[in-house]
Amino acid sequence: LLTNIFERRQEARQPFVRVVEVTEETDDPAVWGRNWPFEYDSYLRTSLPTATRYGGRGLGASDAGPAEQKLDKEPWLRRIFAGYAFASDYRDRRGHAFALFDQEQTLRVKQHKQPGACLQCHASNLNLYRFVGDGDVQRGFERVNPMPYEEARNLKDDRGELLIEHPVSCVDCHDPETLALRVTRPAFIAGIRALKAKQGVADFDVNRDATRQEMRSYVCGQCHVEYYFKGKEKTVTYPWANGVRVDDIEAYYEAEGFTDWVHGETGAPVLKAQHPEFEVWQQGIHARAGVACADCHMPYVRVGALKVSDHWVRSPLLNVNRACQPCHAVAENELIARVTTIQDRHYELLQRTARATVDLLDAIVAAKAAGATDEELEPARRLQRKAQWRLDFVAAENSMGFHAPQELARVLAEAIDDARRGQLEAVRVTRGG
Amino acid sequence: LLTNIFERRQEARQPFVRVVEVTEETDDPAVWGRNWPFEYDSYLRTSLPTATRYGGRGLGASDAGPAEQKLDKEPWLRRIFAGYAFASDYRDRRGHAFALFDQEQTLRVKQHKQPGACLQCHASNLNLYRFVGDGDVQRGFERVNPMPYEEARNLKDDRGELLIEHPVSCVDCHDPETLALRVTRPAFIAGIRALKAKQGVADFDVNRDATRQEMRSYVCGQCHVEYYFKGKEKTVTYPWANGVRVDDIEAYYEAEGFTDWVHGETGAPVLKAQHPEFEVWQQGIHARAGVACADCHMPYVRVGALKVSDHWVRSPLLNVNRACQPCHAVAENELIARVTTIQDRHYELLQRTARATVDLLDAIVAAKAAGATDEELEPARRLQRKAQWRLDFVAAENSMGFHAPQELARVLAEAIDDARRGQLEAVRVTRGG
Amino acid sequence: MKPPVLAALLACLLGIPAGVGAFTFVYAKGFSYLSSDPNACRNCHVMNEQFDGWLKSGHRHTATCVDCHLPHEGLEKWLAKADHGFRHSMAFTLQNFKEPIEITPHDRELVRVNCVRCHASFVQAVVAPSHARGAELDCMHCHAGAGHGAGG
C-alpha cells in the first residue's frame, strides 16, 4: 500500500528551475534571489520598521541611524549592567538586514574590545571560516573566535575580496543543492548535541538526525540563544549540557566557575544573559505542541499562484492572519488581545522584579559604605548573582512573556525571592543600619 | 449483531418521557432520577473516589470517614491559619455527594460556632429558604444566614419533615419545568450583578440575561467562589464590586474595612480566601475562549445514540477523552503530561511562597518578643495581610494552577515580594536583632 | 489486514452474500463505501459530527469525504474501501471504538497525499525542499480544520 503512496510523493515534487548556479561559496542573497525571487523580496523587507506594543522598534532603512536605546526606556538596566559594556549601549533588536550593521555601530564594539566570536551570529561567515580554517569550517570557527573583532571582520581572501560582506544570508540556513534547511553554526551543532545527550540521545548529528519540523526551529536556535565565550579561545558556547531551563544553565555556569564580569557597584561576580528565545520557547505550550519558530515568524504567504515562506522574519503580530489564524480560528483583534493580556501581565511583573533587584543593589552599596567586609557581603552578593541572572534572562528574552508565560513568571518570582533575601543579608551586615 | 444495530437506530430517536412530576419542591434527586436515569446515575457516582496527582483525594463512599487532612500534607497551613477555625480542620474536597456530610463532620462546625449561612453552598436549601421566608427565597436566605448552624440545618416544616435533606441537587441548577439551567443562590445573583455593573452592564439579571454557554459556568460560580459573611446579618456575599482579580477583591475588602480574624501569632488583621475557581478561571485562556466549567467537568458522554452530560462532576483528568479531546486532537497521555507540567511548576512555586510567608511570621514574632510596639509592627503586619491573602487565594484555588497558570504565578510572585518586604520591616524594628 | 479477511471482504464488495458478517455489513450501510456521496458516510450517526463539520468547511463545494479519505488509483482504492468498510462496520456494530474518533496515522497519511494531489501546483515550492528525515510537510499541522472546520 504505502509504496504506491511514496512513489506519488516524488511525482508531487517538482525540482526548482534555477537560472543561476548557487554554491557553498554564494553568500550574496541577491544571487540566490534570481532563482527564488519571492523569498528574496521578502528577505529584503527585513530592513523595514516593525514596531509593535513591545516588539521590534527597529527604525528601519529610511533612517540609517541606530534602533531605540533600551537603556533609556528601562533605566534599571544601567544599574544591573554597571561596570559592563552593556551599560554603554543596548538597543532594541530589529530586522535581519541590520544584523551586521548594528553590530559594527554599537558602542559595545566601538568603545570596547570584542573578539571575532561576535561574528558567528551577525554575519554570513562560512567563507571566512573556510578561508581561515584552510577549507575546514570548524577549524576556521576556532581560529576566528579569539581574533580581534576588527581584524576578523575585515579579513580579505587571496583575491583581495572581503570575506565578510552580508548579514545572515540564504546559505546560512539552506543547503545550496537541495535547499533543505540545515544548521551551519558550529556552536549550535555542539550545543544541541550536548542537550540531546543530556536527554538520552547519544551522538546527535543535527543535520543528519533532525526532522524537518525540528529544523524549522533549529535554524533559528543557531543564534537566538544564550551564549558565552569559553576560555581564552573565546569559543562561542551554548551552555546546555544540563538542560536549557534557567536553573539548568545557572548550574552549568556554577560548575564551570564562569563569571561575565564583576558588578561595578557591588563587586558581585555576575552573569550576562542574552536572547534565550530558543531555550524559553522550549518551556512553552507551543513547542510542546510541535509549533516551530518558522510557523509563526515565517508563515506561508500566497504569492500569485504559489505558496512561499515569508522571509520577512518579524513580529507575528504584524502578520496575525497568516502566523496564527491557520491554527486559531479566532478574530485577529481577539488574538492580539490575548497576546497583549499575557504581555502586559508579564511586563508589570518584570518591573516589580527590577525594583526588587535595584533595592538589593542599594542595600549592598549601603552595607559596603558602612564598612562591611567582603566576607560579610558574600551571601548578599551570591544572591545578587542569582537574582540578576534570572531578571536579565527574562528581560533579554524577546517575546515579552509570550513564548512561555507561566515559566517566565516563575523565573521572575524566584528572582524576587533571591533579591529580597539578598537585601535581608545586606541589611544584616550593615553597621548602624 | 443485527439487533444491536437495530436497537441503536431506535435509541437515536428516543424522546425524553417524564414518568413522574418534578416541581420546585422536589429536592430529592432520586425522584428526578426516574425521569432522567442517565444523569441521575452519573450524579450518584460523585460519592466515588476521584484521586489524581493533585486533585480529588476524596476517600469515597466505601469509607464513610473524612477526606485527607490538608493541614498535615501542608504544615505551613497551620501557621498561616493560626487562631482561626481553619487551623483545626481543613481537608481535601471530594464529590458533590459529600457536600452536606462533610460540612456537618468538620471540626470547624463541631468545635466552632457557625451560622446558617454555611448552608448556602452545601445543601439543597430552597425549601428551607421558602419556609423561613414565608414563600420568598431571598427573604428566607436573609433570615437563615444569621441563625446558628444546627438550628438552621435541623429546621422542620409544618408536617414535621426536615427541610434540609440533600447536598447540591438537581433543582439547584435546573428549572423543573423546562430543565433549563438556572441560578438559585442569592449570593451569586447579587454578586454577578455587581460584577457586570462594574463591567458596564447595568441591571444584570442572570436568569434572564445570561447565555446558555455562560450558564454552563454560572451554575458552578454559585459556590466555587471566594466569599465572606457580611455584617451581623451574616449575609453570604461575593466581593466582586471592583472585579474578580485578587487585587480587585483585596481593594474591596480594604474599602469595607473587613477582616476575617486577627492572626494568632502576629496579631495582624488577616483575610481568608476560599476556593476562587470561578474568579481564577476568568483570568485564564479557556474562559477567554469561551470554554465553560461544564465543558471540562461535565463533558458529554454517549449513552447508546444519546449524548448526555456526565453529572459525575470530578477531575477532568479522569475523563480526558471526553473532557479535552473534543477540542484538543492530542493523545491522552500527552494532554495529561501538559497539565502535569503546569501543575508541578505551580506546586513548586507555591511551596516557595509558603516558605517566604512563614519566614515573615517568624520575623514578626521575633520582633514582638523583642518588644516592638504595635505602631512599629504596623508596616510588617500590613504586608503580612497582603502576602497571606495572595498565598491563601492561590492555595485555596483547586486546580493547582491549571485554570490560569500565568496569572496565579504572578499572584505568588507578588506574595513573595510582600512577604520578604514585610520581613525587612520586621527586622528593622527588632531590637538587638 | 490478514489475507482471508481480505478475500471475504472483496467477496462482499462484489455483492456475493457470505454469511451474517456480510449481511450485517450491508445492513449497516457498509456499502456506503462504494459511493462517493457524503450522505453515504452519514449513514452512521457517529459520522454526523464530521459531516456537519464538512458542511461548514471551505471544502464542502470542492471535495467530498472520499476525495480526502481514500486513495485515488486502482486496487489500492478498493482495498482501502474494504478496509474502512470492514473496520468501521465492525466497530460500529460492536460499539468498541474509542471516542472521540481519531484518524489513524495511515489514514492521515492518505489524506495528506490527497491534499498535495489537489493543491500540487500551489504548494510545489514549499514541498520541494527534500529533507533527510520526516521529510514531508504536514499540511494538517496548520490546516487541521481542513474539511471539517471553518476556514478550512
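Here the chain labels run A, B and C in written order, and each chain numbers its own residues starting at 1.
Basically, a residue touches a chain if its C-beta (ideal position, glycine included) is under 8 Å from a C-beta of that chain, and two chains touch if they have at least 3 such contacts.
Computed from a predicted model, the values in this text were never measured in an experiment.
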Counting only chain pairs that touch, give me the topology of the graph as line, ring, star, complete or other.
-> complete
Pair exhibiting more inter-chain C-beta contacts, B-C or A-C | A-C
Distance-wise, how many Å sit between the C-alpha centres of chain A and chain C, to the nearest whole number?
-> 44
Multi-partner residues of chain A (each touching 2 or more other chains) = none
Pull out every residue in chain C that's touching 2 or more other chains.
-> 144
Within their complex, chain B touches chain A through residues 285, 288-289, 330, 338, 341-342, 345-346, 348-349, 352-353, 356, 401, 405-407, 409-410, 412-414, 416-417, 420-421, 423-424, 427-428
Chain B residues touching chain C in their complex are 1-2, 4-5, 8, 12, 302, 305, 321-322, 325-326, 329
Which part of chain C faces chain B closely enough to touch in the complex?
-> 20, 23-24, 27-28, 45, 92-95, 98-100, 102, 144
Chain A to chain C touching residues, read off their complex | 1-2, 4-5, 8-9, 12-16, 38, 174, 178-181, 207-215, 290, 295, 300, 305-309, 325-327, 329
Can you name the residues of chain C that touch chain A in the complex?
-> 71, 73, 76, 79-80, 106, 109-110, 113, 116-117, 120-138, 141-145, 149-151
